[in-house]
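Next up: the structures, one after another.
Paired with chain B in one complex and with chain C in the other, chain A is shared by the two complexes that follow.
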Partner chain A sequence: MKILVVLRMIPDSAGELELTSDGRGIDREWLDFQLNDFDDHALEEAILLKEASGATVVAVAIGEGSNRVLQMAVARGADEAIALEAEGDGMIDSRAIAGSIVALARSKAADLLLCGVQSTEDLFGQLVPYAGALLGWPHVSGSSRVGIEASALRVTQERGGGIAATYEIALPAVIGVQTASKAPRYVSGSKLREASKTAIGKAPSEPAGFERSAEIVALRLPGQRGSGENLGDNPENVADRLASILAAKGFAGV
Partner chain B sequence: MRIIACTEGSFGKLEPFSLEMITAARTAGAAGDEVVAFFAGQELEPAVANLGAADRLVAASAGGSQLIAAESYTRLLADTVAAEEPGLVLVPYSANGLDVAGNLAARTGWPLVSYVNEIRRDGDRLTVVAQVYGGKILAECSVPLPAILMVNPGAFAEAERRAVDPSKLQHFDATAAVAEGKVRLVGVDVPNYDSVDLTTAERIVCVGRGIGDEASIDIARGLADILGAEIAGSRPVVDSGWLPKVRQVGKSGQKVKPKLYLALGVSGAPEHLEGMSKSDLIIAVNTDPKAPIFNVAHFGATCDLFDLVANLSERLQPGR
Partner chain C sequence: MSETPILWIVTLAAAALTLWRSRRYIAALAQAPGASRFDQPWRRLEGVAIAVGLHRKMLRKPLSGILHALIFVSFFVLFTVTIEAFGSRLFPGFSLTPIGGDSWIALLQDLFAVLMLLGLGLAVYQRYALKPARFRGSSGSDAAIIYVLILLIVSSLLIEAGARIVGGADGSWRPVGSLVADLLRALDLAAHPTERIAYWIHIGAILAFLVYIPGSKHRHMFLAAPNIYFRNLEPAGTAPAVPSERENPGVTSLGQFDWKQQLDLLSCTECGRCQAVCPAYASGLPLSPKMLITDMRDALANDASGPLVGGIIAEETLWACTTCRACMEACPVEIEHLPKIIDMRRHLVDEGHVSPMLQDALTNLTRLGNSMGKPSKMRARWTKELGFPVKDARSEPVDVLWFVGDYASYDPRVQDVTRKVAELFTAAGVDFGILFDAERNSGNDVRRAGEEGLFETLAQSNIDAIRECSFNRIVTTDPHSLNALKNDYRHFGAEFEVLHYTALLAELIAAGKLDITAAGGALVTYHDPCYLGRYNGGFDAPRDLIKAAGYTLHDMPRCRENSFCCGAGGGRIWQGDDGVKERPSENRIREALSLGVDMFVVACPKDKVMYTAATDALGVAGQLKVVDVAELISLREAPAAETDDRVEGCAING
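Coming up: the complex of A and B.
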């Protein structure tokens, strides 16, 4: 079995996000780029499947810091690393990159495409259904467990309300990972140093054949804190205020 | 124009966001537009009993188990789209919707915008506002029609619940089509609420990734005990195994509406807000003043959660 896993580098949402002067993009100059959390789980699931079934794992990364994250992927167990050329330096639009990912899945003869269920940048739709539809493969988004039995996948999907559905899917398939079966592993510095010697392949960007979904007219920050009251940042004052608010509303004392 | 509002339900219950899709469709529509609700599932009862606010209901009975795989849902929806030729399809941002919206967009070649909160009609286009970066940035987009929008649960009010007039119901049997799918449902796990049912809890203290590690959960648990509250967690906290799944609040966890919701180190991603934004009193503690949780909080503090918990526990400790 051959697994292609997609790693997208996206701005850290916990950091400060500022708009560009034309208001249509975010200022990328000082941003920290991180591996999309869900893609990190997809990588872990790929490595777990490799350990369970002897699969080969090809990691493809896109965006700023791709080489660094590919080395990490190799240190964790990926067999091959490929940096995908990005078009422009704006958002990683999953609708636009689907064509390149599908071309790679075909040229590498992958049986399973794993990606994170979503990224905070896929305003124009998620990679999993686009890639699944282009490849004509079945796809399931939001997995919390992926296992392999004979040549079929067993995938548990999180539905709302804590309900989990388990499906059997014949390969080839595309899975959008929400949570890996086990938490993503850490790698030691020595493994990382070893992995830094790995050659990183390159793949060109291919058109997906979809028209752009929409024109971004403007980006803005959400209205500052609805109607809520800011109690400040001094823990003693905040505790005093909260204690009296809770008491007034009948919550203090059980 | 005709607008298709996708709806979902299982285990005899309609997902409340289904009614929100009808309101969203009315918002996007102009006078004379027709809103058609689409439903696919094992039993049609939840749809037929509740979706009367739409002009018509197209419902596919899927047979088999309680849940229908997104693959089958999409295929039935695509057939309906081909027959109805809508100008707009609204898909809820749900586990199912994540697979449905993009697949339909790829099949039709139509534009798709996800995480949509607001919709406005501008002649033959729509202006929509969508959330990106975990709710930290809003993107206003101009979308040509026909189009597909994936709409955030909670963004629109629920349309009135009433039964569908039998003359407005178009029903077809899709058992055979579903049986041909490549994604075969082999099991469904429903959480066991014997230990705790957050949906009925009156007071909840929820910890997010800001809590840092498993051992620190006890610090929050101490405060929860003093307040007589249940402890809950965001997805990363539950994924790390620090709290059991039944204590997860949000899109894939529980949707709660307690009298008191105290969020400690939770950023307030849209998927979390979906599960708790309707709580009566929301208090949030987060060191990042731009965290989206503050957009729904009634009271917010930007101090370190550990300092706050220590100080507040001391003040609330009975007998002090």
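Coming up: the complex of A and C.
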């Protein structure tokens, strides 16, 4: 089995975001980038599948800092690392990258495409259905466990209210991973240093063939919210203070 | 049958049995990887003379030290009895008489037999009446067997001497022997048979002792001196590098430890001094440095199967250590606990066996160069609120390159102190600059958490950045960075002159560069940070600063080399408090509270964080204020210099 796993680099949310001068994008010049958390889980699930059933894992990364993350993927057990050339340095738009991912899945003869269920730049999790549609493969999103049984996948999907549904899906397939079966492992610095010698392949960007459907006309930064007040841990003081705040705001007549 | 062949037979049999009982140790040491501990013989011998000859560390516990000294010296004097007892029968005609065996040597033997019994009595009193907690976990039966054997050896030699006097020997040089002789006469015991029986009891007890030793902590009689001789002479702050011949960074079996590390295991006396000072042990975590050593020793002795890490030594035991080094400082036979702990942690990290919190911290460090997960661009944020710009050492030459460190840079609870230090430097006219976003965590605790690969990455990145700058000296805020830059970076060939900010400030004050308004002599106490004090000997500069600032220092009972760790070191700050009954920091605050001082002075950013949290948790923040030593210093012309003033309140001279 061959697994292709998608790793997207997203702006580090701990950094300070600034908008570009046209107000339609985030100024990426001073940002730190980090691996999308869900993609980290997708990578872990891929490695767990490899360990359980001997798959080959190809990691493909998109965005600034791809090489570093690909080295990490190799240190964790990926067999091949590919950096996807991105168009411009804007947001990673699922509609735009789906074509390149699909082309890679085909050229690498992958049986399974794993990506994170969403990213901060794809909040609605569109990459999985786009890729599934372009490939003509079945797809499931929001997995919390992916296992392999007699050449079919068993995918557990978290539903609301603590209910979990398990699907059986024939390969090839596309899965949007919410959490891996186990938390992503730690990979030591010495393994990373070892992996930093791995050659990283390159793949060109391919058009998805979709018409452009919508444009961003404006982005807005989160508004400045008032700061909180710590009421301490003495119940009496807390009660007094709370009462006076409520009174001051006109909620209660104290 | 004459006594000579019998004695030969039993002596040789006992020697053979002793060797056989030692076979595993001998084999283990012979097969162990090498360690270069043969340099500087004079310095090594000097250390042995001080440790063994003067009982320097032993006497830190006066009762133990004195009783051990009594037994130790008496042993050497009474060894002449052993020589005579064996010599005279193994080699008929041998005697010490020509050199005074019947005169002054006899007198000494008599007196030291009594001193030996006195030492023994004190030992019994200590172990069974005083019962110090440090003996908890030590083998009680081992100690008891040795006490009985010593009692047999000494009493039999006195009875033998007494019986000889009864039989007509001269008793004038043997006052104690004469008293025993009177007793024998009173009991109407026949001289000759009594002498023979006492002789053979003496011989038997000595040989039993010999045979018993390989399986007992009394191996230290033979191994303590060599273990001290082969001690580590590298600076205390340099963590041992991974030997190049090792395939993986860590150690997974006892046999991978070099011969000195294995010799350590065999030399432990089970005295528990290490356990008594261990903050992890005190906080209720499953780590006793003594048991760490004896558990591995027992595994070595029994050729135990099963894994070392996670088996013989539990993972929680390894993660409990703060790397404070108090155990090594206390150990009278120079056992090195930390290299073993670090080597076993290296294995855990390499396998990815880290707790989620530690994983987060290490992942942040890998990604961003700081454990908090903050962007590197925000590292120099604290400078924005200063009233003056700070030089970028990467683009202009400076005299002092200030390596600020993670906590001092990012933690809002410490940034005020960092700004105060910057203002003091500026006031004193120091030409300094920082590395801005090129600075990374120094890797001190990363290395001690067992993450050698990440440490190398961080160190290399810092060294590259530092080498790009033109400067004369480096100053650090964090004692942990001080240690890494000064001691660990030597592994990469980087030898910088590094000093702690307290040392630089003390130097500036001594040179009259800072104009200080002295406070009114209020009582304060001071906590020696492990990595400033015990590791790097920085005991005096902070004390000088406290004095210069006009405060009166009242040291805590555990101060200087014996300082008690705050509990944050060695990566502990990135671990949870699971299993902790009393946080080391709270234990420390209680110690300070008992002194009745108003302020708890620190000289490490982590201490400011740890102890502020501890006074809050104990609800004593109003009673005992945690202040950095820099905050104590108020410059003249500063308006109303209260220590909790916002730093903007402190005017800058010049």
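Just so it is clear, the second predicted complex is superposed on the first by the 217 of 254 C-alpha atoms of A that agree within 3 Å, B and C clash if a C-alpha of one lies under 4 Å from a C-alpha of the other, contacts with A are read in each partner's own complex, and residues count from 1 in each chain.
What we mean here is this: a residue touches a chain if its C-beta (ideal position, glycine included) is under 8 Å from a C-beta of that chain, and two chains touch if they have at least 3 such contacts.
Predicted, not measured: the structure shown is a model, and the values here were computed from it.
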- Query: Which partner, once the models are overlaid, touches more of chain A's residues, chain C or chain B?
  - Reply: B
- Query: In the superposed arrangement, does A:A218 touch chain B (first), chain C (second), both or neither?
  - Reply: first
- Query: What is the contact status of A:Y186 with respect to chain B (first) and chain C (second): first, second, both, or neither?
  - Reply: second
- Task: Have a look at where A:Q34 lands relative to chain B and chain C in the superposition and call it first, second, both or neither.
- Result: second
- Query: Counting only touches as set out at the top, which of chain B and chain C does A:A14 meet: first, second, both, neither?
  - Reply: both
- Note on the structure: Overlap of chain B and chain C contacts on chain A, residues 14, 16, 183
- Note on the structure: Residue set of chain C touching chain A in the complex reads 248-249, 349-350, 352, 354, 356, 359, 362-363, 366-368, 373-378, 451-457
- Note on the structure: chain A partner, complex, touching residues on chain B are 10, 15, 67, 69-71, 94-96, 98-103, 105-107, 109, 111-115, 127-128, 130, 132-144, 147, 150, 181-191, 203, 226-228, 235, 239-241, 245-246, 248, 251-255, 259-260, 267, 281-283, 285, 288, 290, 292, 294-304, 307-308, 310-312, 314-316, 318
- Task: Sort out for me which residues of chain A touch chain C in the complex.
- Result: 12, 14-16, 30-32, 34, 183, 185-193
- Query: What residues of chain A sit close enough to touch chain B in their complex?
  - Reply: 11, 13-14, 16-17, 19, 26, 91, 95, 98, 117-118, 120-130, 132-134, 138-142, 154, 156-170, 173, 176, 178-179, 183, 210-223, 225-236, 238-243, 245-246, 249, 251-254
